[in-house]
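Labels run A, B, C and D following the written order; every chain starts at residue 1.
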Amino acid sequence: MIEHPWLIPLAPLLAFAINGLLGPRYLKKATGVIGSAGILAAFLLTVWLWAEGEYGEATLFEWLASGSLAINIGFLVDELTVVMLLVVTGVSFLVHVYSIGYMAHDGSFARFFAWLPLFVFSMVMLVMANNFLSLFVFWELVGVCSYLLIGFWHDRESANNAAMKAFLVNRVGDFGFAIAIFMIFWNFRTLEYGAVFAQVGQADPETVLVIALLLFVGAMGKSAQFPLHIWLPDAMEGPTPVSALIHAATMVTAGVYMVARMAPIFEVHTTALLVVGGVGAFTALFAATIAVVQTDIKRVLAYSTVSQLGLMFLALGAGVYTAAIFHLATHAFFKALLFLGSGSVIHAMHDEQEMTRYGGLRRKLKWTYGTFLVGGLALSAIFPLAGFWSKDEILAGAFMRGASLDGDGLFIVFWALGLAASLLTAFYTFRMVIMTFHGDPRDAELHERAHESPAVMVAPLALLAVLAMGAGAVLGFPPEHGLIHDFLHHAPGILHFELTGNQTIIAISLAVISTAVALLGALGAYMIYSRGAPRAESIGQFVPGMHSLLYRKYHIDEIVNYGIVATTKVLGFILWAIDAKIVDGIANLIGWTVRALGGAARQVQTGQVQNYVFLMALGAVVSVGALMIFR
Amino acid sequence: MADSLNAYLYVGAILFALGMLGVLVRRSLIVVLLSMELMLQGVNLTMGAFGVFNEDMGGYMLTLASLTIAASESVVGLAILVVVSRKARELYTDRMDGMKW
Amino acid sequence: MAESGFPLLSVILWVPLAGAALVLLTRGRSAAAAVAMLAALVSLLAAVAMVAEFDPGVEGYQFLEERDWIAALDISYRLGVDGISVLMVLLTAILTPIVVATSWLSINRRVREYMAAMLLLETGLLGVFMALDLVLFYVFWELVLIPMYLLIGVWGGPNRIYATIKFFIFTFIGSVLMLLAILVIAFDAGSFNVILLPEIGVSSHLQTAVFGAFFLTFAIKAPMFPFHTWLPDAHVEAPTGGSVILAGVLLKMGGYGFLRYVLPLTPEAVDEFRVAVMALSVVAIINGALVAMMQRDLKKLVAYSSVSHMGFVTLGIFSQEQIGIDGAIVQMFSHGLVTGALFLCVGIVYDRTHTRLFADLGGFAKRMPVYALLLGFFSLASLGLPMMSGFVGEFMVLLAAFGWSYVAGVLSLLGVVLAAAYMLWMYKRVVFGELRSAAFARIPDANRVEVMALLPLVALVMWVGISPGTFVNLLDTATAAIATYR
Amino acid sequence: MIEDITFVYMAVIAVLAALATVLVRSPVRSALSLVVVVFHVAGLFAVMDAMFLAVIQVMVYAGAIIVLFLFTIMLLDLRHEAGEPYLHKNQLWLGIPLAILLLVEAGWIALNTEPLAEAARGAYDAAAIAELGGTGQALAEVLFNEYLLPFEIAGVLLLASSVGALLLARRPDEDKLPDAPDPVDDVTGPDDERAEGGAAIWPTR
């Protein structure tokens, strides 16, 4: 299998080609099956690759050779790649199957099943890249797929704007990423991972720090870290399976993957790690506070995703890469589950996404409720579900990093931020669960028509629920020495945490603390929303103005709109005016001047003979006069 | 006075200048042509006087040539005048300004 | 292969002209289009044969042809191609049949003369890329001007007279200066032979003057900021086919001129003015992008995006790195394909709606799905999406720019970000949302001819994007030589 | 003395008649004044003993040229129309100063011009001419020897001008060609089904 790693991306690519070319006219509903089959093939091939356990690099073809630059398209397959591939293809497959049901009544069914495999192809290529250019290429391609899928319902103005916003914010991130790549080339004269990593040790640490920070800007864009997080909540305009797959489970984790992959670059300078951890911890808490007051079920989940991604970056910053990847995997399971569950609810409620119109759905949507609850518990990191294991490791890692002698004390602060985020996570998760499934129906008519989703949608939910329940314990127990740890142990550049005796006690007490905090959050949500009439403004009672600030997402969208978008437009307008009036004006002025001079000169020719005679005579007289005077 | 070259030159100069004045200021095309003849009178007189006082036949020759040219010129000029008079009834110079640009 | 018996280049070059003569003998629009198409296809076929026979490893020019022309002045009819010309000839030969095909539908006045002008234009353009004698080059350079002038002036929009005169005067000022420079070179070096000239070189004291004249010529043609203002006007008024050739090939004459004449002949002057030229390129990139963003006219937006994209070309050329020069040529090729296609797309909408203002457009995705897909594809290609041609050139140029100066690199990279903004915004305004007028409710989708015209461009854009090596390999020997002149 | 008086008379009358030529409104009177000028210039020639010139002056100018003028005036019935200004107003302010300037210059030159020194003069002094039998003979001597070629050229010139005058004054409808088609009008080609009524392709002013 290792000789032919290109087979894995080939399967979804074929699905894309078949569905894209033949789908709209001939295949129609069959595209769903073809798409799912392609992804399943990719998943099975990945499993095969994993089972064989042989890893390495392979070059596919020479992309470009010019002067001193030679770039090959190739594949790097190692443990990290395999974990990512398993998560990506596995979750993708489930989402594809789910989409067959979810999108069944959509007029553009075939188009959907063309773009989705294209996304999987790009994502697979992204994680398999063995050089920076390939990474960047597919990094952008997943962005385009995201653009196409967010704007899938293109007659919605909001969807178009969201798609554009997603692409542009990502471009801003890619701006940093691209600069990093160019700097890497001119500093190391190569773009291959291995060759670059081998040289970073000898390079100027400051330069490497700049490169690392620029790479991180790219990661921030893709993984929606503050302040480049603004596109992700809007991206929920896309169909819910897209939100589940791209904007929760896979694409947005590309940034985490990238930083983990580039660990040797980030490790060179501790400032880089500090920035990564700081941005992550801040975003985790920041997004969680916003999630607390949102009433659109998908937006709550979107902010939750931003928050969880923040935790992953906290882990990366703290140096516990395994924990980051571990959380990436478990998060993929339970967040995909939550999104698909919310999709099932939205489907049942006829495309209504406002939680204020939900309520009391648990009797009508039994399966959805059950699986959603599992997902919620996992997200809240309640023992022993998946989220607990990975999140606990992150928080422990951050604390240890802060407490250890060579660590940075700031990580204790980050740990506290993460802990606060956990509290809020549990709070908003249960707020969401309670508002959706408990209490009395708030919109009787919608409630009346609600119905459980078909089996093709429920089955993936059930499978994901199983994963969300068991994956943490299976992969992550015992802590620091679970399956995933041992597996990733072999991956290059992944650092490890070895616990000594008394640190085990600290670790256990940290786990107890974070579980207690999570339970506290859940209890809080129960206290506020389960008793009496649940009101979204409840939290506003504590601090006046707080609710509005949070509900408006700290006004960041407005700041960006007026600060950056409007400024750019005004600048463009001014430059246009300069271009049209001054630059072109000068050209026209020259033309006009020549014409005017010609016009003036033309006036001398009146057409009257006597004028001409006069000029002739004048010339003669003046000449003679000059001759007389100056001879 | 009659045997001084300067006197003849003065008269020639005055005739020439008056002729030119006529060419410049008269509106009637035929009078413009007449004024040109007047200018030639001044020229003839000047050249003739030079020939006599310098005792050189060249002056006579030039005067004869000038006479010939005056004849040709007036013939062609008058022919043009006839043509113009066919196109436009008026023979005022300031109304003929088609020859420009 | 070189100097073989069969005059392949002459065939490519003169078949369109013969076609133009034949076209004038036809009656009826379809007959004219058919004859024109035939001539363009024969030329394309010969061009493809040329590419197939071209040996990328050989240094210098291939398929050389030489005949005395004006023997007394040592002016020859000398043709030949190297890797750079090969790509440009190919681009010209590809775009012409496409333009002929689409014009068959969209031109409804004096079709015969239009087709003849188009073919004459092709001959002129091919000649520019093939000529290896300065005088011959100049003749072809001027030959291009005439049919283009007619295309805009006769088949153009309402303000065409202004646009043509502007176009003509701008380019003509340049070419007069170029003639001057050519004469200076000829008197200084004693030869019009482009093959020999780089070795002889231009005397140091004349280099600045020659550089200045050449630079102005090519900068106007390319067009570089601040000599670009003729371009939007010309594009807006030009008929679709004229715009395609104008953006697709005509602008490349500027870049080609820089590569073939400026860098090899006046290396010292280039060295002296390099910073200024690079700065102008960066300004062009950013200014073009920002101005494009604010346009209200679809065609003007694409025109200004051309200014921005051509900024990358000059940036790459004057980086004097081989990567940058390769990138600039790939960018020229790609820009020819992508912007040509975008103008075709604009034309498709204009033919149906008779408007190009964003205020009147929108919501075509539902009515014209195929068109929306094609326009989307080319918009993405234009904003430099990886796996498509636009990315390759820009990536290589930016790489070279970063090697020269991080500031220049970062600023030009900003142009790429802005490109995404104006392109996506444009796409949204044209294709998404609601139809603006009930009159468009029955608007037909792109028809078979239009789709068939655009598909080869789709294929080429993907080809360049996925495997740029195929094209860069053609260039390598030639650009390696050019990169050494400094 | 008598010569001086004659000279003054001739000069004064010539100048006055010249003024009249320029200033008189009626073209006929203008022409007649010119005749007076011509006669008095001939008188001046006579005063300086250039008899041949005096005679030919009267014959050619008064006898031929001015008669031609008078014929033309009468033929075309040219007369000064009442109400039409006879002077060009704009030109007046240019012409008068220029004429004065010219007069000053010419006068200055005339004042400073002396006959050549005795040695530098030509061979034909009064004595030599008298020996040859008068200016007529002397002139013929030179004209048919030294100046033969200019003489012939003058003949050709006269021929050319008379032919030219004939050609010009001929009536144009005598042998007129049919009108050629105006190429600019034909802007629509044969296959222009949709040409909108001869749309202007060429700029019109």
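The criterion applied here is as follows: contacts are C-beta pairs under 8 Å (C-beta built on N, C-alpha and C of every residue); 3 or more make two chains touch, one makes a residue touch a chain.
Every value quoted in this text rests on a predicted model; they were computed, and no experiment measured them.
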item	value
Joint neighbours of chain D and chain C, given as chain labels	A
Higher-contact pair (C-beta pairs counted), B-D versus A-B	B-D
Where chain B and chain D are represented by their mean Cα positions, the distance between them in whole Å	4
Approximate Å spacing (C-alpha centroids) for the pair chain A, chain B	98
Euclidean distance of C-alpha centroids - chain B vs chain C, Å	66
Whole-Å gap between the CA centroids of chain A and chain C	37
Contacts with two or more other chains, residues of chain D listed in rising order	88, 91, 94-95, 98, 102, 109
Set of chain A residues in contact with two or more other chains	610, 614, 617
Two or more partner chains touched - positions in chain B	20, 24-25, 93-94
Chain D-touching residues of chain A, taken from the complex the two chains share	610-611, 614, 617-618, 621, 624-625, 628
Parts of chain B lying in touch with chain D, wherever the complex brings them together	1-3, 5-22, 24-28, 30-31, 33-35, 37-38, 41, 44-45, 48-49, 51-58, 60-61, 63-65, 67-76, 78-83, 85-86, 91-94
Residue ranges of chain D touching chain B (in the complex, touch as defined)	3-4, 6-8, 11, 14-15, 18-19, 21-22, 27, 30-31, 34, 37-38, 41, 44-45, 47-50, 52-53, 56-57, 60-61, 64-66, 68-69, 72-73, 75-76, 78, 80, 84-88, 90-92, 94-96, 98-100, 102-103, 106-107, 109-111, 113-116, 120-126, 128, 135, 138-139, 141-143, 146-147, 150, 154, 157-158, 160-162, 164-166, 168-169, 171-172
Complex interface listing, chain C residues touching chain A	166, 169-170, 225-226, 228-230, 287, 290-291, 293-295, 321-323, 326-327, 363, 365-366, 369, 380, 385-387, 391-392, 395-396, 398-399, 402-403, 406, 409-410, 413-414, 416-418, 420-421, 424-425, 428, 431-434, 467-469, 472-473, 475-476, 479-480, 483
Interfacial residue positions of chain A with respect to chain C in the complex	24, 61-69, 133, 136-138, 140-141, 144, 147, 151, 154-155, 157, 160-161, 163-164, 167-168, 171-172, 174-175, 178-179, 182-183, 185-186, 568-569, 571-573, 575-576, 579-580, 583-584, 586-587, 591
